[in-house]
Amino acid sequence: MTAAQPTEPRVRDGLRRAGRSLLRDIPALVSVAVLVLLVLAAILAPLLAPHDPMRTYAEGLTARGAPVPPGGEFPLGTDPNGRDVLSRLLYGARVSLTIGVVANGLATVVGVVAGVTAGYFGGLVDTVISRITDMVMSFPILLFCVALISVTGPSQRNVVLVIALVYWTYLARVIRGMVLSLREREFVTATRTLGVSDTRIMVRHILPHLVPAIIVYATLGVASSILIESSLSFIGVGVPVPEASWGQMVDDGRRYYEVAPWLLFAPGLCLIATVLAFNLAGDWLRDLLDPTAPERR
Amino acid sequence: MNVVEVEDLRVHFSRRRGVTVRAVDGVSFTVAPGETLGLAGESGSGKSTVARALLRITDPAGGRVRIGGRDIAGLRGAALKTFRRQMQMVYQDPYDSLDPRMRIGATVEEALIVRGLPAGQRPARVRELLERVGLPAALATRYPHELSGGQRQRVSIARALGVDPAVIACDEAVSALDVSVRAQILNLLKDLQEDSGLAYLFISHDLSTMRFAADRIAIMYLGRLVEIGTRDQVFGAPRHPYTQALLAAVPVPGARRTGPRVRLAGEPPSPADPPAGCAFHPRCPLAEEICRTVRPELAVKRGGQLTACHLAPEPERDSEVTP
Amino acid sequence: MTGWVLRRIGQMVLVLLGVVTLAFLMAYAVPGDPARLIAGPNADAATVASIRHQLGLDAPLWSQYTAFLGRLLHGDLGTSYALHGAPVAGQLAQALPTSALIAVGGIVWQLLLGVPAGIVAAYRPKSAADRLATLGALIGLSAPPFWVGLLLLYYLAYRFSIFPLNGLGDPLWWYLALPTFTLGLAGAAWYARMTRAQMLEVLRSPYIQMARSKGLRERTVLTRHALRNALTPLITMIGMDFGYFLGGVLIIESVFGLPGVGKLTYDAIDQLDVPIVTGAVLLAAFFVVVMNFLVDLTYAVVDPRVRNRR
């Protein structure tokens, strides 16, 4: 080891490693590709969509008032309201991704702050935070979200808030456990005896060690958040109509599956592909960044 | 004036079911500026706990600790942070005592931030500190995993020096290192002491290291000091059977064996349930009735050192001085 | 041990109280006016006011809360807004057996599918079987249950008429096959992953290597030594699953048109019938908390180390 040569920045090193591992792992490669396409589709939805996703087209319904099958002017057919399914799928990607990412981002911030605080300070702070997570986690997630939204009223904002309100507890619990063991590491003790403030220790010495876990859990969390959002929309307490959402499109499909089965397949396939891609990417990141990260439910 | 004064220090750990472990049970000693006090004993004797209590990593249950003339009990917040600059510690594990995700330079710089040094002056000071511990300044951009064990301990020392302490506790600081590297680090510590009058509390289970590094030596057994004296007193003519046993177990150059050869048998008893009388009596080949019932206090014995043993020979003349 | 149990019961009561408080606050935060809902759109202001008074909705929050707690202690979950003042507890009690049946069926499916998949995957890590099982589990975790249920309905019930389309009938298990399978699928995926992880850990442990070096047959090693140790922690999860599944039936029952707690809740949501929704949430949370306690208790009896933890 020669002393004069400066080290490569860690980030660049990491990216190179990530790239190499991606090329060896086909499911991960596919999932990342799907995610990239999905994000592009969501961003470019106004350019890609052949029709207005919220408009009822006269030619979007057959003479007997049924949805139009796929092909021709409506590549994936129309829904019972005569709206273009493809356009709604593209805009639905926007809704699902936005809600998934924002809700999970909120949950991550709250969960990390709560977990680090509880784990680092221990004592009463820890007891209070841990009991709160116990309580929230006692509710079955979906039922709890449904109940919360049924009293606050369905809207995109409420869906985001409710998902975040439930999901921060999962991350908080994992992070707390990690901080408990980090806190006992010698470098933390050494820093504390140096006279460094608690805030600085948490930000400079604890947080960086949590980054891999946070990335992994955030990725997996987006998958869960999208699943919850679609379930809420399916039940009818999620994204309000006429805004397009995949869960709500499946709900449409279920009412017309005898005459228009495509309504069932298109949004369902989009959902499963998206959630699977996030889960695969999360698993791949777990192997790449932090093989010891515990499983989560 | 002594830079460290410890009087009757007690550290208790409470376990479940109301069991209290007296990890440190009434320890007193002093360290003068520019002096190295060695603290030796088997693992579990409480020697690391003494250091951790002095640094307020662990809170003492009783006794008085004065660092730089200031009583450190009950210090909180800003006062605690200011005190901490007085005393620093170099830890045993060179692989865990530096933040693996932080560059060497940033680690050392943290000490300077604590001292409130303006950002503009820090890089130069970091270089200076690294060079002072014998590291090339260019290492500042490296991460700990790129360094050897010896280099890391040097970084630890540089970080400690960064807050300009009066005393540094070295808790098994060289135990994890190869013998050749160990000597280098010990020499570095000596050089630093000569330059700036640093005091060391040198904790080790290794008596040959101790002989090289310490001016005075204190031997701990089950949370109590059993012998304390100058290096020559303790190594030349140990008075406590436990010290004799430790010395018999490890050949220490220059140490003279006195009295009957004592061999250590078995494990030390649990500090949660120490034996009555002299804590050493179950393992002591010389133990008599009094040892089982009356706990011996530290007292001046022949040779001049303090020894806590009923059977150690009394001083021959009154003129012998206490260390 | 007694001290531990008492402390643990205290914790459980505390969590339950928190859960109840949360549910109460939730019910109270409802923006619509339940009194107006009950009175109907044509009622005059006086009628609405008297109904509000009857329901205790005009009392201050604190006294409503204590009244709520008091009623709860007597098993009274309030009265439904929409179902003409029917007691919530009665409605839930009527619906619970169906949901419990579905939940138990779901648990059976998840064990039947998940555990063998996990064992196969763990036995030869990185093999084709492992990769297939792992990917299958991930797909199971990623598939929205409502969609899986609808697909099954579409093909197996509608297109090929193998299974009944909805509702309950005779024989019961025939009607429950699809709903319980759908409910168990995600759980099976989860169990497969857990089983695999547990098995891998156990197979790597010294005592398994010891058993192998003793020359025991591989099957004996696997079934006698590895399996038992790997599955113990999984079995204890089943208790909690029951509570979580009571939440999961919300979607399953509405997809398959089954008259359980989920369907009751689903219909209540449409009508802003908050007492029913709150009651269902409380019921499920109650199961989770109590099951959690029972699991801990079992552990503590089996493994004394648990008592000294936390």
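Letters A, B and C mark the chains as written, and numbering starts fresh at 1 in each.
Rule of thumb we're sticking to: contacts are C-beta pairs under 8 Å (C-beta built on N, C-alpha and C of every residue); 3 or more make two chains touch, one makes a residue touch a chain.
By chain, UniProt protein names: B = ABC transporter ATP-binding protein; C = ABC transporter permease.
Since the model is a prediction, treat every value here as computed from it, not as a measurement.
Chains that count as touching both subunit A and subunit C, per the definition above, do not exist in this structure.
When chain centres are defined as mean Cα coordinates, C lies farthest from subunit B.
Chain-level centrality, scored on Cα centres against the all-protein Cα centre, points to A. Spacing of subunit A relative to subunit C, judged by their CA centroids, is 22 angstrom.
Rounded to whole angstrom, the centroid-to-centroid distance between subunit A and subunit B, based on C-alpha atoms, equals 52 Å. Each chain gets a centre from the mean of its Cα atoms; for subunit B and subunit C, those two points are 57 Å apart. Note for the complex: subunit B touches subunit A at residues 55-57, 80-82, 84-85, 88-89, 91-93, 96-102, 110-111, 113-114, 136, 138-139, 141-143, 146, 156, 159, 162-163. Touching subunit A in their complex are the following residues of subunit C: 14-15, 18-19, 22-23, 26-27, 29-31, 135, 138-139, 141-147, 150-151, 153-154, 158, 190, 193-194, 197, 243-248, 250-251, 254-255, 265-266, 268-270, 272, 274, 277-278, 280-281, 284-285, 288-289, 292. Contacts from subunit A toward subunit B in the complex involve residues 1, 3-4, 6-7, 10, 185-187, 189-197, 204-205, 208-209.
Every residue of subunit A that touches subunit C in the complex is listed here, in rising order: 27, 131-132, 134-136, 138-144, 146-148, 150-153, 223, 227, 230-231, 234-237, 247, 250, 253-254, 257-258, 261, 264, 268, 271-272, 275-276, 279-280, 283, 295, 297.
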